[in-house]
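Structure below; questions to follow.
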Amino acid sequence: MTDLLRRTALIVWFPFFYGFRVVVSSLRVAWDILTPGSAAAPAFVEVPLNARTDLEVTAIANMISLTPGTFTMATRLDPPTLWIHGLYTAHEQDFLHEIHQMEDYLLGITRPHGAPARTDTEVPR
Amino acid sequence: MLLLLLLALLTVITVFSFVIARFAGRATGWPLAAMLALLTLLVLVRGPDLWNGGPALEASVPWMPSLGVGLNLRMDGLAWLFCVLVLGVGALVMAYSARYFPPGRRTGFYTLMSAFALAMTGLVLADDLVLLFVFWELTTICSFYLIGLSGPAAARPAVRTFLLTALGGLALLAAVVLLWVRTGTTRISVILDDPTWTQDTGFATLVAALVVVAVFTKSAQFPFHYWLPDAMAASTPVSAYLHAAAMVKAGVYLAMRFSPAFADNAFWGTTLIVFGLTTALIGALFALRRHDLKELTAYSTVSQLGFLIAVIGVGTPQALIAAAAHTLAHALFKVTLFMAVGVIDNRTGTRDLRRLGGLARTMPVTAAVTALAALSMAGVPPLLGFVSKENVFEALLHTTHQPWIGPFAAIAAVLAAALTVAYSFRFVYGTFWGAQRRDPATERPREAGALLLFAPVVTASAGLILGLSVPLLDPMIERAAADATHADAEAHLALWHGLNPALGMSALALILGALLIRVSSAGERLAERRFPPVRGTAVFERIHSVVIALGVRVGDPTRTDAPTRHLAVPFVLIIVFASVMAVVGPGHGPPAGPTSRALDWLPLVLITAAVLTAVVTRSRMAALALIGLSGFATAVWFVFLGAIDVALTQLLVEILTVVVAVLVLRRLPTEFHRARPSRAVATAAIAIPAGVAAGAGAYFLTGRREPSAVSEHLLENAVQDTGGTNVVNTVLVDYRALDTLGELTVLGVAGLIIIAVLHSAGLTAMGGTRPSASHTNPIWDADDNTVIMRTVARVLIPLLMVWSVYLLMRGHNAPGGGFIAGLVGGSAFALAYLSASSASVARIRLAYPAIIAAGILVALVCGLLGFADGSFLRPLHADIALPWGGHYHFTTALVFDVGVYLTVVGVMLTALNQLGLPKGPGPEADEQDVPESIRHESATGGTR
Amino acid sequence: MTLAITIGVLTAGAVYLILQRGMVRIVLGFVLLSHAVNLLLMSAGGVFHRGEPLLDRGVGEPLADPLPQAFVLTAIVIAFSITIYMLTLAATGKGDDTEDDS
Amino acid sequence: MTSALLPLLVAAPLVSAALSTLFTSRAVTRPLLTGTAALALLGGLVLLRTTADGRVLAHQVGLWPAGVSIPFVADTFSALMVTTTALLVLVCSFFAIATGEADRRYFAPLVLVLSAGVYGALLTGDLFNLFVFVEVMLLPSYGLMAIAGTLRGLRAGRTYVAVNLLTSTIFLAGVALVYGTAGTVHLGELAGAASESPTIAVAMGVVLLAMAIKSAVVPVHGWLVRAYTAPSPAVTALFSGLHTKVAIYAIYRLYAVTFEGQASLLWVGLVIFTATMAIGVLGAVGETTTRSILAFHMVSQIGYILLGVALFTELGLMAGIFYLVHHMVVKASLFLSTGAVEHVHGTGDLERLRGLARGEPLLALAFLGAALSLAGLPPFSGFVAKLTLVAAAFEAGHWTVAAVAIAVSLITLMSMLKIWGSVFWGRPPSPEPGVGGPGGGTATATAPAAVRIRPALVLPAVALTGVTLCVGLGAQVLLDLSAQAAAHLLDTSAYVEAVTNR
Amino acid sequence: MNPVDLALLLLGVSMVVAVHRILIGPSKADRGVGSDMVFFGFVGIVAVLGLRLDSALVVDIVLVCTLVGFLAALSLARLVSGGKR
Amino acid sequence: MTPNEVLAVVCAITGAFIFAVGAFGLLRLPDFYGRLQGISISAGLGTALLLLGLLLWFPTPENVLKIGLALLVQLATVAVGGNALARAGYLVGTPAAPNTRHDALAAADPNDPMHED
């Protein structure tokens, strides 16, 4: 019952969360575009996933792509891993955290018992 | 009746000879000779009636009655004379041939000789200009074949002869048509009495000129004389018949036939006399200088024909009498000589005077026969040739056309006659009495058999007998000349006319000839000299090759497979057309309403941007994308113009074009070919005016009238006519379903030909950009990396399918319909193809050609059902009661649309599957990269 | 007027591309040319009546002539058929070059 | 026959085409191909019989009101064309079966669709529908063009597609302008429109220009020569008989109906078509393969055929139509006889062929008959065609044109003899020494003669040459039909009335 | 001037900018980006035209556009990769 | 104009502006991978607003369905199509901007010298 409530809440909350994320990212990129100079520190970053099914991987990959500032470049299913091109990766831990946060939200919706605990937050360079 | 019978029998004989010659071999000549002799007899017995002033025989069978052209035959005295010659000589030549050839099949020879006899008889009997022309050309064709029968070496002479005589034939055709158009009839007998001849001298002269060309080419007159010796490549019987007695006489006949028309025409008379005598002279001169007996005889023929033409040119009844008599005489002695040459050749294996001599001892009969004929030719009494030649002299002396012609004619005639004497002597003496210079190989020839000698003996003796009894010929010659002049003629042929200028000329010719013989050794040496510097055949070949060179030049500009050159010309034509219209074209009314809105500039700007950039970019991909943009902008235009269905279709087509283009572009280099700046300028110089022309056409020729009647009918009646509210769709599936059926077929065929061409030619190997990331890079792996696409496609594909069915169903009433729906459905397959992780997975294992065919078949069957209501593609309607109440309006137009749908889907599948293959040709030929036909292409390449 | 200019621009670009070397540019040129002709067909129905010829939508602005629209639909599909075939031809043989190297 | 059945001439081949796509076994496709063509021939003959007395059959397809519906019309002219087309399709199909080409993938359906397109184009009375049927005819042709699979075929195929697509596009633009100016594309309603309204005349001018390019008149003739030297002989024969002829038919029909034969414009045609006769034949003389010679001849002969409409007299139109039918038959015969040689000996190069007449007398006869017919010699149909045409030109006072027509026929003969002299006559490749003797000749077997051409390959050409001979000997039949056809062009009221009434 | 025209103007300018990117590249991939942008701009224009022309029919066009736009995007990507899946 | 319609127009103009910003990014952003982000802005947020504007103008249930679907597909196109394009660009060696910090893809692939920093 709590799971159901939690998922319902997440489903309702998620668009706002994601929309906010998109708007903020858009503004950041737009600022870069519209003003001289750039704060960008681009990189291709490897992101291990907790997602397991094709649907989960696809959803997270697409959400990343739709967020201005990040783009999914490559996918591996075993183990599930994404390679992402990020514009603002100067603080890589924060960068990863934002993505994992989004993943957790998603898995919270797709899985009956919520997102699994993240064991390995360190990402190999 | 006799006339038709003659032609019918000759046709039968021709067919008969074709059949019989396969079994009888050379002996076919005997029955043919007999049959021709019988026909000669049939004609001969009609003679006395004609001589006694009986009417000409006539017969007529319609052929092209609407043109007034028929098998109109007429035998007057002139035709009778020639008819007897043609058939009689034909019979003798056939008899000769039966022994002349070595044993073996002669099917072609006998058939063609019979056909020739038919053609020649038809020619002289024709009383219809067109018919005359037909037979005239038939003799040419027969001659061509008969010469060619003599093997490869004769091929070129045959062609030369054919072309030259065909030239004359065309002149005759022009004359025929001119006369026909002018007089409104093709009846020769009527035309010759037409007042035009005297009333319109210009016209008469034009026709005369054309007839002259015909006559001169056929009768080997200068400057066309050279074909006759050239044609001696033919076998001897052919030479004897065609090139001595019959075909060359066709020209003489024609000239005689047209004499009444040109009696008062100065051009006609002068030309005939001048050129005839020139021919007589140079023919005789050349004859004197030949070593080959056959060539000598041929030139002698040329020369004698010159006499004939000249005397016809005089045009008086007396002249025509001479012509008729000399025609007969010449036929007899010339046939004899040719046959004698054949016999000599047959016995000794050579015709070269330098290798012959003293044959009189071993071949007395041949010698006697030849001597008789040669004496007749030389004009020695008491032979027929003497009488006829004297008449020719007499007539020439009385030329009336120009004052200077008489003396000229007299001198030329005497000189030519003297030369004739000389070469006649040279022929006979050199062969039969001169020093024996035979090769051992040809030593001791034996006299030919009686059967071979039969024909020449007959003709030679005829020359003697008729010479001795020449007055007997009077009525016959009289009638012939009368019919040739349409005036009374009185003939008094005799060996002795008393002392008159003609006799003097004869004597002078004989004396001069004798003198020439005395210096014959000089003649021999003369023969070695290269004279004249130009040979007729060389001139012909030169003209021939000039024409061919001109042809090569003319063909050069088009001799390229590069489309550009073939495409530029139409564009230039359009520009020219538009420019002319801009200058001389009509004015235009005012526009029927506002022609632009502010928003219109949006698609216009987009299109301009797209076009400008597409033109300048060298990147194929950029060009493709930009063309796509122009398509989208065009779709915006369609939206602006209230054409939603069109816009939808345009969009779908644009996208699918891109999809297919991508399949192709990845096989090609990344960039377009580099072009020189000059080319860009030249192209722009065509492109910009073309654009201006198109824009101007669009502006001035459209939008200036009120809505059309058909448009108003459609908008008013569509619902009640068809039950549909989307008028565009009702036009497609109801009113103009035939267009749609055609369009559907076009699309389906496109699918089929894509398969067909790839099956036979294969695809270009993959080119374009190759991936540079290596296989170990995680981005390489196709299975893992396509998971996103595949997952999304799994959702999208069903959506597309549902949407496409929805569009199909609603099409009659709202934007949609079979095509749009089919394209959406096709997109679903395209998506499946694109999102698959490998080409082999992507392959759609549906029988797509069958889907195409089924689609077309559905539409067709739907159309055929319409016959139930009276017409193909007539939609049938039914209101189906629904179980929950109400009615569903069903129309077969919907079924038609299903056919459309299937076809579209089938074609999309085809394109994806065929072009989407990783490499190589069609599925059946997967194992080989390049099909065999390509590899061996150079072997069958053909043109440059 | 605007439509006529559009047609002119499309035609000029089309002709330019068609006269270039290489099958693909020829095909692209023809795509442009077919746009031009399709617009010409629409123009032939008159550019002053622009309402969609759908009869269940009440009377708004005067309806456009449906006949040219049907013509254009047919023409688009025919052009599409030929286009994909020509593209196939461009990918057969030895590539899409249409001229010998000079 | 009832006019409602007219669309069957289109529907039946299409049904057969669909069936032969579904069932690709040769046991199905061959009978479908020949059977349909034979049926169409029968239909054409019936149509000829029905229309010979001047009747015009017309049917509004779908039974919509005239002007809204697409009309199918048949008068003598269309019936004549339908019949000849069907005959050619039948004969060429037999030839293709003999060469094995008919068993190529989709050959049968493509030919069937091609014929359906031609029938449709000949019968329709609607300009836009004409465009559609021309495309129905062209699409399969594009495929047949490239189906041989040689590189040369592909290259020529590209040119062929490009030029035809361009022409079709111009044609469509013309149709658009006609609708833009006249508000209709219905031939009956367009009757006389171009002669009355100068703007409609300009629009129709674009249509005619497109048709002129399609019929390959000078200076837009080059594509045809290139295209017709690339595909297989059967296909070339088929194309030669059908393609340009549809365009020619359209020119005749459209000029007659919409311009009502307006005399002031005819000089343009006279100039162009006379040039076409001359340039075409000169090009032919300069070529060195059988096919390229024949292809250039087509250009020349197209000039002849179109002279009829440029004269626009009773006699001229009749002669032109007679010439058209004659030419379709003869040209196909020539392409088939030389095609048989090409198929068996692998080349049409004059340099590489020699002396075939001895081994192939029947084929040689078939070729020579057709060649003489082409050059306008009696007793073949070409003679009557040339005679009447030249007479028409003289009658109309165009002496230069007539003179050129006559002169061109000599050069025609010259180039036909060029083929004859080097392919059928001439010394065999391995010449034997000195053949002497009276009436001698070579009797020994030569290398090319050693390869015999099967009767099945020879008979199609023989049949068509037989037709040209029969048409020449019994010319009155075709003359009457041509005259009837010409009469309806000279006075289009019967046609217009039929096509306008339901 | 209709305020919606401002939106159309912005979108039009965006497309011209994208065309510029297509033209200058420099890589195929850049041209691909430009092409995608052009297409999305077109979808946007159609949507805005719905407001401007007050025609609900454009909704159908928009839907079809987006559905097949997916295809276009994938196709162009395939072209960039030279056919590699 | 109804409030709905005013809102629709506002949405349209805002969307178009955002779209233009993203498009401008195509000019300003330094490399191919950066420019892809411009697409995200334009075609994601920008187009979403434009479609919302359209929906507000014609707010019928049918249109909610259609435009909702269209938006969904549009976003999928941006994401999936973008991903495909990004990958394709990388596969053929499209260079990254010089300030790119590192390339985890190349690092995962010891043999690939192409995408080293």
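By letter and in written order, the chains are A, B, C, D, E and F; residue numbering begins at 1 in each of them.
Operating definition for what follows: a residue touches a chain if its C-beta (ideal position, glycine included) is under 8 Å from a C-beta of that chain, and two chains touch if they have at least 3 such contacts.
Note that the coordinates shown come from a computational prediction; the quantities given were computed from them, not determined experimentally.
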To reach chain F from chain A by way of touching chains, what is the minimum number of steps? 1
Of all other chains, the one whose Cα centre sits farthest from chain B: A
Report the chain ID whose CA centroid sits closest to the centroid of the full protein CA set. D
Taking each chain's centre as the mean of its CA atoms, the one lying farthest from the centre of chain C is chain A
Consider the two chain pairs B-F and A-B; indicate the one with the greater count of contacting C-beta pairs. B-F
Between chain D and chain F, what is the gap in Å from one C-alpha centre to the other? 57
Whole-Å distance, chain B centre to chain D centre, using C-alpha means? 14
Rounded to the nearest Å, the gap separating the Cα centres of chain B and chain E is 59
Distance from the CA centroid of chain A to that of chain C, rounded to the nearest Å? 45
Residue list for chain C, restricted to those that touch at least two other chains: 18, 26, 36, 40, 43-45, 52, 67, 71, 74, 78, 81-82, 85, 89-90, 92-94, 98
Touching two or more other chains in chain F are residues 22, 24, 36, 38, 69, 73, 76, 78-80, 82-84, 86-87, 90-92, 105-106, 108, 115
List, in ascending order, every residue of chain D touching at least 2 other chains. 128, 132, 135, 139, 142-143, 146, 151, 154-155, 157-159, 162, 166, 173, 176-177, 179-180
Across the complex, what residues on chain C touch chain B? 1-22, 24-28, 31-32, 35-36, 38-40, 42-56, 63-67, 69-74, 76-85, 87-100
What residues of chain A sit close enough to touch chain F in their complex? 22-23, 26, 29-30, 32-34, 38, 40-46, 61-63, 65-74, 83, 85, 87, 89-90, 125
Footprint of chain A on chain B - complex, ascending: 778-779, 781, 783-785, 787-788, 790-792
Complex contacts: residues of chain E adjacent to chain F: 3-4, 6-8, 10-11, 13-15, 17-18, 20-21, 27-30, 32-34, 36-37, 40-41, 43-44, 47-48, 50-51, 54, 56, 58-60, 62-63, 65-67, 69-70, 72-74, 76-78, 80-82, 84
Okay, in this complex, where on chain D does chain C touch? 128, 131-132, 135, 139, 142-143, 146, 151, 154-155, 157-159, 161-162, 165-166, 169, 172-173, 175-177, 179-180
